[in-house]
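Next, two complexes with chain A in common: one pairs it with chain B, the other with chain C.
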Partner chain A sequence: MKNQANPWLTSNLLVLGLGMLPAAVLIGALLYFTAWAFAFSFTDLALVGKKSVEWSWVGLQNFERLFTRKGFLESLWTTVIFVFFSAIVGQSVLGFLLAALLRGTQSTLRSVVEVCIMLGWLLPDIVAAFLWSATTNQTGLINAIFVVPFGFKPINFINEYALPIVTIANIWKGTAWSYLLFSAALDSVSREVVEAAKVDGATPFQRIWLVQLPIIRPHIATNMLFITIWTFTYFPLIYAMTGGGPGTQTQTLAVFLYNQSFSRGNLGFGSAISVAMLVIVGLLSLVYLRMLREPK
Partner chain B sequence: MDTGPSRLTAIALCFMAVIWVSPFSWLLLNAFNPLSTGQLAWPERFGLDNFGMAVSGNAGRQFLNSMIIAAGTATLSVVVGISAAYPLSRLRIPGRNAFLWTLVLLRMLPSAGVLVPLYFAAQRSGLLNQLGVIIALTVLNLPFTLLLLKNFFDTVPIELEEAAYVEGASLFQIITKIVLPMSRAGIAVVWFFSFTGAWNEFLLPLIFARVQDAFPMSVGLYAAFGQQGAINYGFLTAFSIIYAAPAVGVYFLLRRNMNTGFAGVGVKG
Partner chain C sequence: MADVSLRGVRKSYGSLEVVHGVDLEIASGEFVVFVGPSGCGKSTLLRMIAGLEPISGGDISIGGKVVNDIPSPERGIAMVFQSYALYPHMSVYDNMAFGLKLAKTPKAEVDQRVREAARILQIEDYLDRMPKALSGGQRQRVAIGRAIVRNPRVFLFDEPLSNLDASLRAQTRIEIAKLHDTLDATMIYVTHDQVEAMTLADRIVVLNAGNIEQVGTPLELYSNPVNTFVAGFIASQRMNFLPVSPSVNHLTLPGNRLLTLSTTNLETVRTLGVRPEHLELATDASTAHLSGILSVIEQFGEYALAYVELPDGQLVTIKLDGAPDLTLHDTVHITIPPGVVHLFDDAGRALR
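Presenting the complex of A and B:
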């Protein structure tokens, strides 16, 4: 957009600048706090006790501990599994399928399904955790419908299959976002293109795979970027459902970070974990942003 | 459409919808059962006693706290966001896109990471209260808010503004009469995201709210797990429903806008 000579803008630069001021102050604060979070990762700052006041710089010690002590690498692996199955496989694929299937259906069915999926997304994290704990415990819905009527003993799913259950709960909660985004994206694909493909004899599968998917590629990349990052740092649902347990089975990096920082009070080590998470997330984002930029 | 979906697809979709809402059965059965035990069972009689408990006393106070925090954060974010996003969209400030994306990436720092410095700063300036939570959440929201709003403003054709200027409109009129109405959907989306985000927020109020009077519902619900020995499931489920209602309600109020607004999210980098 060339807009060098727009008099209503150029004659009001001062006003526009003043308008940006509050945001600039708040962004400045954000940068300042982030810088401190970085700085803390090189200290032995603690939440309580002597080291909460008389902390000292310890160089790269915290970062060495990430790799030499138990915890970080295990949590990283748990996080990768959780993100891959709940966000990339579960939410994205399911969201896209729903968007593609519902596109052609009549409006009542579409509204009903939409509302049902949205309910999960709109539910506050703590409530969703509460709900899923109740659904998957020994007297819960899954046992009452699928296990007990067939003569099996009730299974305490939340204890025995903690990671899969948390993953399913997150798919249940998050699919709506992918669905909405893909649905809006598919609406932006012009009908003529799809019709033309149909006239040329493309099957429904080909129409989606070869025509619509390439067109909405930027949306796919954006969606992946957002949900990967959100899931990577997602905390309340897992924490309220399992607290990271049993043992450390569901201890994703976000839960590990919280436990280290606020349960054990190792703020310095906790900051090192969050810096490491930022680096990982940053690298992932670069990959997705390349996907977004490439076709022009 | 000439090719309606096959009956099979429709049935599969209905089935899926049923599965999706089935966990709510437990919530509803317990909330409307005055003698609730936390089991999945059909109540002997239905009643609203639990809801009575869930709106009185502390619980009612917590609802109000959540409302203040959520509406305050959403409104502050949108006002601050609009006044900065419009200049960012229209003036050719070098590197603005890279800057905004950097900010968004920076926000990927798990919020527990910036919580520590944020807490120290709030403590020093006496902001360990609701105003502090509102400002802190706005700070954390702002990168997303700015990026989304700027993208929406980018889609408003500048020719319209030119025409209005030629007709003698001032900057203020151009913004309030053209830009804002045309990006209404986008603004609604941003407001809604900030609202639900703040409404759901758990960690920040947990650490900022020092007294029980200041608890929002998220912290209240978490704290109520296992209070007074036995868990009162009837109260908790009713409280959960009341806690979930506003976010759901706001969504359905804004639903028409939301679906248009979403189209803008993925369009531009």
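Presenting the complex of A and C:
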């Protein structure tokens, strides 16, 4: 490949160094924090007390605890369920369906739906969490409208169906991203290609399934990559709604990590959890990046 | 093979009407070209025949049956799009077989029809390739092949050559003409290129601003255009239009010389039209009808186009055979042979 750098830049090492400085600082900071977490995952560092100063190396003990003690595997399973239903099934499928259905309609309906799903996205996590717990608790709106008037006893949804409720809340919160991405992706499919399929006799469903979906496959993979990583590490909404409870029902890995590190103060174990999360997300990304590759 | 008939066909987008009641009969097996400037409604008309655009008024029938409410696939049409519109994720074979597979055609028949179309279009070697590995011309063939396998009664072409370069366009034009001859199918072809219209069409439909200006064979349109629009649009060099002031048996040309014509009733003539290939050079001013300065000359080898600027600033184009030896900025004298002129009234309508 041709060297496209400015000759004045490449001939002057000092200028070159100065120009690289911001990037070098950024890369350095990223590496420093990752290396910090990685290094301390082999220690018994604590947040407070004696071990916050006189910590010692404990080898693979933290990583053994991930698999031998209760907590990590349960949280991993909760996270998988949460990611699968709220991000992959919920946000992605719902976002795609909305994008496909509202496409081509220039009605007020489209504007209303767009504003509504954008509102969920734009609302701060903590506000959204408060809204959802206020709406779904024993004295909340849902009970007031749908349960009590029909003569049933009020149900404390957020307590009894904690994981479904946080899943639905996250779908509501995150669908806007998938909707926007899929809208843009569908716009990139040539109108004539879709019309050609129509002339060829494809039903609306076949046009989406056999023509548009395969064409936007790379966009789907990109979207999956983003929302899986985000949802896998998503913390504020769940923590503010349930704190991981009741019990550990909604304790995803991010909440588990927070509880271990800052409630229990086990920074070393917390670091091990974060390293494990990094590995899992990294592996998932590899799968999606393979999907992104163009077929031969 | 089927005839197509349009009766009072209209199209409006909201309150804006873009096609104002088109009546047209296309015979079975005919090659009809819709031509006109962009925005004249020619593509909209084609898309209405294809069933891709709802009809706001009137009737479209194919093979004697009104198809207004019949969906595209059941109209017995196939369409070739300007952008080729190949399915980018399917091989050439699958692109061509897609429609047949959707129609649940037996596999052996699909295979036989795809291979037959590929043979006609000489794309047998590319059947396994993806569209992005093909050149523009090859993609166009696949798009045509996709239309052929459907075995349609009517082929619709929407500016199929406009994305090809000039030499490929000329070549593909000839192939489409051959294809029409081989398949003997009704074809409706939309273009803004009057050369494609002249060379391909059995009949040309000239459209302007949502109305049909004239329908006729290429030579009819060339010899007897009904108005200045058709006169200016058809033929490769645009017709010269000169403002004239009429009297009983002669016209006063720009430069105040007179053109005497055998035709009577010249009173209503306002514009004289004459094609560049019909003008002749005169040796001296006394026999000439027009004189001006040679401002540009384009030499094509076999012929040349001379652009002569009249004293009033108007440019007149003359087509000259061979490679004429003319000097720029010299005064040029032009004669207008009688019998080749077109006369138009103040509304631009041709006078006979």
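By definition in this document, the second predicted complex is superposed on the first by the 273 of 296 C-alpha atoms of A that agree within 3 Å, B and C clash if a C-alpha of one lies under 4 Å from a C-alpha of the other, contacts with A are read in each partner's own complex, and residues count from 1 in each chain.
One rule holds in what follows: a contact is a pair of C-beta atoms (placed from the backbone, for glycine too) under 8 Å apart; a residue touches a chain by one contact, two chains touch by 3 or more.
What you see is a predicted model; the values in this text were computed from it and never measured.
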Clash or fit, chain B versus chain C on superposed chain A: fit
Chain B versus chain C as contact partner of A:Trp55, first or second or both or neither: neither
Chain B versus chain C as contact partner of A:Pro22, first or second or both or neither: first
Partner chain in contact with A:Gln206 - chain B first, chain C second, else both or neither: second
C-alpha centroid angle, chain C to chain B via chain A, nearest 10°: 80
Contact breadth on chain A, by residue count: chain C or chain B: B
Chain B versus chain C as contact partner of A:Phe40, first or second or both or neither: first
First, second, both or neither for A:Ser271, with chain B first and chain C second: first
First (chain B), second (chain C), both or neither touched by A:Tyr161: neither
Which of chain B and chain C A:Leu109 touches, first, second, both or neither: first
CA minimum distance (chain B, chain C), superposed complexes, angstrom: 5
Those residues of chain A which chain B touches in one complex and chain C touches in the other: none
In the complex with chain A, residue positions of chain C that touch it: 50-52, 72-73, 77-79, 81-83, 85-89, 98-99, 102-103, 146, 150
Residues of chain A touching chain C in the complex: 190, 192-193, 195-202, 206, 210-211, 214-215, 217, 295
Touching residues (chain side chain B, partner chain A) in the complex: 1, 3-5, 9-10, 13-14, 16-17, 20-27, 38-40, 80-81, 83-84, 86-88, 90-92, 101, 103, 105-118, 121, 135, 138-140, 142-143, 146, 154, 158, 161-162, 165, 169-171, 174, 196, 199-200, 202-203, 207, 217-218, 221-222, 225, 236, 240, 243-244, 247-248, 251, 258-260, 262-263, 265-267, 269
Contact set on chain A toward chain B in their complex: 1, 3-4, 6-9, 12-13, 15-17, 19-20, 22-24, 26-27, 29-34, 36-37, 40, 45, 98, 101-102, 104-106, 109, 112-113, 116-120, 122-127, 130-132, 134-135, 139-141, 144, 172, 180-181, 183-185, 187-188, 204, 216, 218-219, 222-223, 229, 232-233, 235-236, 240, 253-254, 257-258, 261-262, 267, 270-271, 273-275, 277-278, 281-282, 285, 289, 292-293
